[in-house]
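First chain A sits with chain B, and in the next complex the same chain sits with chain C.
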Partner chain A sequence: MNALTKHMHPGWLIIAPLLALVTLLYLGPILNILWLSVTDPEPGLGNYAKLGESDALLRIVWTTVRICIITTLFSVTLGYSIAYAMVHCHQRQKSYMLTLLLVSFWISILVRTFSWLMLLGRKGLVNVTLEDIGLIAEPIAFMRNELGVLIGMIHYMIPYAVLPLLVSMQSLDTRVMDASRNLGASGSQTFWRIYLPLTTPGLVASTLLVFILSLGFYVTPAVLGGGKVLMVAEYISVQLLVTLKWGTAAMLAALMLFGVLAMLWVMSRFMKLSTVFGGAAR
Partner chain B sequence: MSDSNQVGSLQVRGVSKYFGEFRAVNDINLDIRNGEFLTLLGPSGSGKTTLLMMIAGFLGITKGDIALDGSSITDVPAEKRNFGMVFQGYALFPHMSVRDNIGYALSVRKRPVSEIKNRVDEMLDLVQLNDFADRKPGQLSGGQQQRVALARALCFAPPVLLLDEPLGALDKKLRVEVQEQLKDIHRRVGTTFIYVTHDQEEALSMSDRIVIMRDGAIEQVGTPKELYERPINEFTAGFLGKSNFIRANGKIFALRPEKIDLQLGTGHPDARSSGVVRSVTYFGSMHRVIVDTGGGDEIEVDIDVWRNSESLSAGDSVDLLWNDAAAVELQTG
Partner chain C sequence: MQDKQFMKEMLTDSAHAYKAGRMDRRMFLALCGASGVAMSSVMAGDAQAAADHVVMWNWGGQSEECHGSAIGDAFTAETGKGLKFDTSGPLEGKIKEMVDSGNVTADVADADLFNAVSLGPTGHLEPIDYSVVSKDKTLPGYALEHGVSVILYGYAFVYDTEVYGDNPPQNWADFFDTEKFPGMRSLYKWANGSLEAALLADGVSGDALYPLDMDRALAKLKSIKDDSLYWGSGSEAHSMVVNGEVSMGMVWQNRGRNIENDTDGRYKLVNMQAIAMPGAYIVPKGNPAGAAVMEFIATAQEVPAQLALLDCLGMTPSNPEAFGQIPEDQQDYAITSAKNIDKIVYNDPDWWGKNGGDAVNAFLEAIS
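Up next is the complex of A and B:
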């Protein structure tokens, strides 16, 4: 530490005000939330104890975790194939695909959520068409349930899953795959023994990103779940705005924060997080 | 597939590779003998790497045929050709230990674990990396990585080993050392080596035969000595070592700088040419003297340092002498 201050780059002085501001604006609110969770309505761990007492709360947490896991699984798997296709197709097609990927970032989550409602709702395009051609008698319940939430969330998350994977695949030395073939490995052997292990950092980064973003999902479950699928974020907002139990809301927020930190910690036991977040591998 | 009766001679028949309109390799015919150390030498863009990649099976052939011991392999995919290859930059598997890298070819062939272990140990001996078996490639020096790549490519006893500028990433001193090791390994394993390089010194010191390529075609094939002593055209003479070109009676001759003798003063009875010294450069083992022979022509002469050319300096008049045999007539046009 001493050595660090001695050799501190003068550039730090220039960015110090910004650094202080960011620290203040990030740490302040977070500490405030943590503080609220143990002081409102009365000091103590009463808010956390509610987790053990209330089945409803536990169910909400479990629903959230389940939906996030399924969303992550599908988004990352589909994202992996999309990224793979993008890396291996011609430059021209690749730039088309990249453009489409970026466009999906520009479209508001509200628009994307309501489009699903129009497509897959009871009176949506798909159900009406299927009824018209006589394939089904009753509309299929795509929406206003967990399936609807999953469809909406996976659709929203796929571009996020693709980007870290794309970076990871593009930085691979293709000669390594050539070497594997040259040594007699079949395509699938090369994939499982060389390609997949070498893209694992990208896979982990993609998984973490999608899972953490999914945890905080609010609009999609609210609209596509039709009130039947209650996730933590929506519950927090109800506690804040309707029932005014800020202590419970803060407790849940803190829980999510600790959950994410715990996940990062577990990951760091298995691999260097710096490789996942784009640091040098060696 | 890798039968022991494969001996490793390659026949390249009229092979061409076009990239659109561009002819990267144009109608190459070449017989590569079993067990020889053959070097494809040429400047970048000469098609030498393209030819190697077609032999390896990574690039398709536009026209022609490649055969191993007489049977065509043109339609055999890269993973079924059983050719070892040392890639430019080595292309080691960064997530595997040295041992797993070397054993990879046997492991994907599902050989028993004990066999793989024994063979890898043999290979580690061959390249003297026994102490590094459990390291990852990232923890090795460039020279050590190069040896891992070599051991990995030789582990499954391929009939032919392809080497794509394997020493390009090493510094000059290390390169000379590794050249010796490579030659030694070639002698011990007896496999056919096909070696791609743009470094003429490397080619001269290591090869049994050299193929000089330019613009996708073969310029000349021969032993290092044949090519150095009897280049057939200006390109070969100029690419392999240094050469003076002397025009006389509509003919053109190549004359190596070290085969010219230089005498101070003019009027020597056997002088073939004379001129004025323009510069003398000290190179440690020799002096390089540039002589202006008039009419804008220059002749380069290398003189051994022991002849003490201290006395020689720019502006001196000198006579130049050489044997008839030293001047090699070249094809023109």
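Up next is the complex of A and C:
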């Protein structure tokens, strides 16, 4: 016992059962999925081989990745300017902005998705108004296509992008920027060479968060895509519930999981990921 | 096994407490989450079938009320047994999962007849007991070993009378002709009905549809891809039409009357070449109420239940005895009414049961 406590903090003993339980509850299902992906319908790598054989699967994966990249790009860029504005405005305005942000954060994804249909649909508020004032003859196809999916997803993701950035910007030591100006750097020089690099951990955190969450989007593409924008999450659900190709579903799920893990690994080559998740940079 | 039983009892108790307001939703969900059980199955566990009632697994919404009044009341009067519901929607994957998990909580699923063809041979369904259920009270070919068609629904279409008022579209060929009839279309996202409609539009006759010529159907569908949207649920189909997103929309025919009413008659239902789908009752293997469920299915086949379902849900009778008794004001909307029965085309559950999975995937790949 003595030898053990020498190497291990006794606190670990207290949380060990919980840790074991959580590990079990997470690993069990994940291993089950991995197992399914190499055993259903028959043992072997047949499900993974399908990726090479079928253009359709690759196209679905590519659609998903493409939409996620664009979503991430826009959400993080917009999120960065929102967070920047929030940090630099008066306290009063800041609380207004935070309230609005959180309100939209809390509203259900279904409500937000259908609101876009009402606003930008074929007979939506925007199209009807534009037609009435004679600016357009035919309604603009904002919704029920990839553009619609992107609008819906970016809108949904912005709060997720803002919050990590806000935390990162608030914890900056503003005297560093003052020093930079004092030493003769212009405003934009200070931003690009001091401010932006200092907020990189927040930027990476929000990029990762938005990208990974986007990968699993289901409702928004299904509704706003008009059935023609098929992303992995919806495809997996169809394979599970309708076509009973659980092996294919498990394979795609495993692919997403390893894709995310690989992305984290690549990131970790370039930077200390612990700083992204709030740890101290050492 | 004992743990599972304990977990189930605890959750059933908490479901009661939650419903009675003694437990808040957050706590209840946390308990569900902690035990790895989905809400729906807990609710089903709450309604867990014992000997005194039968649990029907349907799609919720209006159907809960309608199945209760149309079949449940008569069933209770006859047998003294009650009817409870699990409204989470018996998709094929969910039935398979329920049976595989060994925790079967539903007695009868309001499903499609092709589910009986795909899930029967794999041992996920109980065979229908035809000494209780009647083979004569459904259409020929729709009483199968593991499922019997109790109602019919259909794929028909509605069109905008303001756009095509003078020269209305007559059939699927017009539906797929975007030159003669310009405008957006909507079709069912999971292939069923959409493939048949495409082939009918391409000139295949109704009795020569099966086996479906997939390449031909997909080519026809792709020809209107830019002018088409796809819906995944009845309500989505409904809203695409009612919100004016499409000028012609494929719908489940039982929605036709509601759409005509909701748009003050602006959209009109066309039943020509409507594709009749056998909606079937199937019984998950090892269902809790056992053989009692067969009496329930037999009750649903009776003429009064059939007519009540038509009145309440718009589901068309499959019992030929009821065809002649369809009331006048329902004639236009029931696909087996004297007005429509000669126009319709019948779905082949056998083909769909055996080829449905691949067909759905090929379809999704073609439209995405």
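Just so we're on the same page, the second predicted complex is superposed on the first by the 275 of 282 C-alpha atoms of A that agree within 3 Å, B and C clash if a C-alpha of one lies under 4 Å from a C-alpha of the other, contacts with A are read in each partner's own complex, and residues count from 1 in each chain.
Following the convention adopted for this analysis, a contact is a pair of C-beta atoms (placed from the backbone, for glycine too) under 8 Å apart; a residue touches a chain by one contact, two chains touch by 3 or more.
Bear in mind that the values here come from a model prediction, so they are computed numbers and not experimental data.
Novice: Sticking to the clash and touch definitions up top, decide whether chain B and chain C on chain A clash or fit.
Specialist: fit
Novice: Classify the contacts of A:Arg193 with the two partner chains as first (chain B alone), second (chain C alone), both, or neither.
Specialist: First partner only.
Novice: Please work out whether A:Ala233 is in contact with chain B alone, chain C alone, both, or neither, and reply first, second, both or neither.
Specialist: neither
Novice: Where does A:Gly184 make contact in the superposed view: on chain B (first), on chain C (second), on both, or on neither?
Specialist: Once the two structures are laid over each other on A, A:Gly184 reaches chain B alone.
Novice: Between chain B and chain C, whom does A:Leu252 touch in the aligned arrangement: first, second, both, or neither?
Specialist: Touch status of A:Leu252: no partner.
Novice: Taking the superposition on A as described, I'd like to know which of chain B and chain C A:Val176 touches: first, second, both or neither.
Specialist: It touches chain B, and chain C stays clear.
Novice: On the overlay, how many Å separate the closest CA atoms of chain B and chain C?
Specialist: The answer for the closest chain B-chain C C-alpha pair is 44 Å.
Novice: What part of chain A is shared between its chain B contacts and its chain C contacts?
Specialist: none
Novice: Touching chain C in the complex: which residues of chain A?
Specialist: Touch list, chain A to chain C: 25, 56, 59-60, 63, 117, 121-123, 144, 222-223, 226-230, 235, 238-246.
Novice: Help me check something: in the complex, which residues belonging to chain B touch chain A?
Specialist: 56-58, 77-85, 87-89, 91-95, 104-105, 108-109, 138, 152-153, 156
Novice: If we count contacts the way the header does, which residues on chain C are in touch with chain A in the complex?
Specialist: Checking each residue of chain C against chain A gives 36, 91-94, 96, 118, 184, 189-190, 225, 229-232, 236, 243-245, 356-358, 360-361, 364-365, 367-368.
Novice: Mind listing the chain A positions that touch chain B in their complex?
Specialist: 173, 175-176, 178-186, 189, 193-194, 197-198, 281-282
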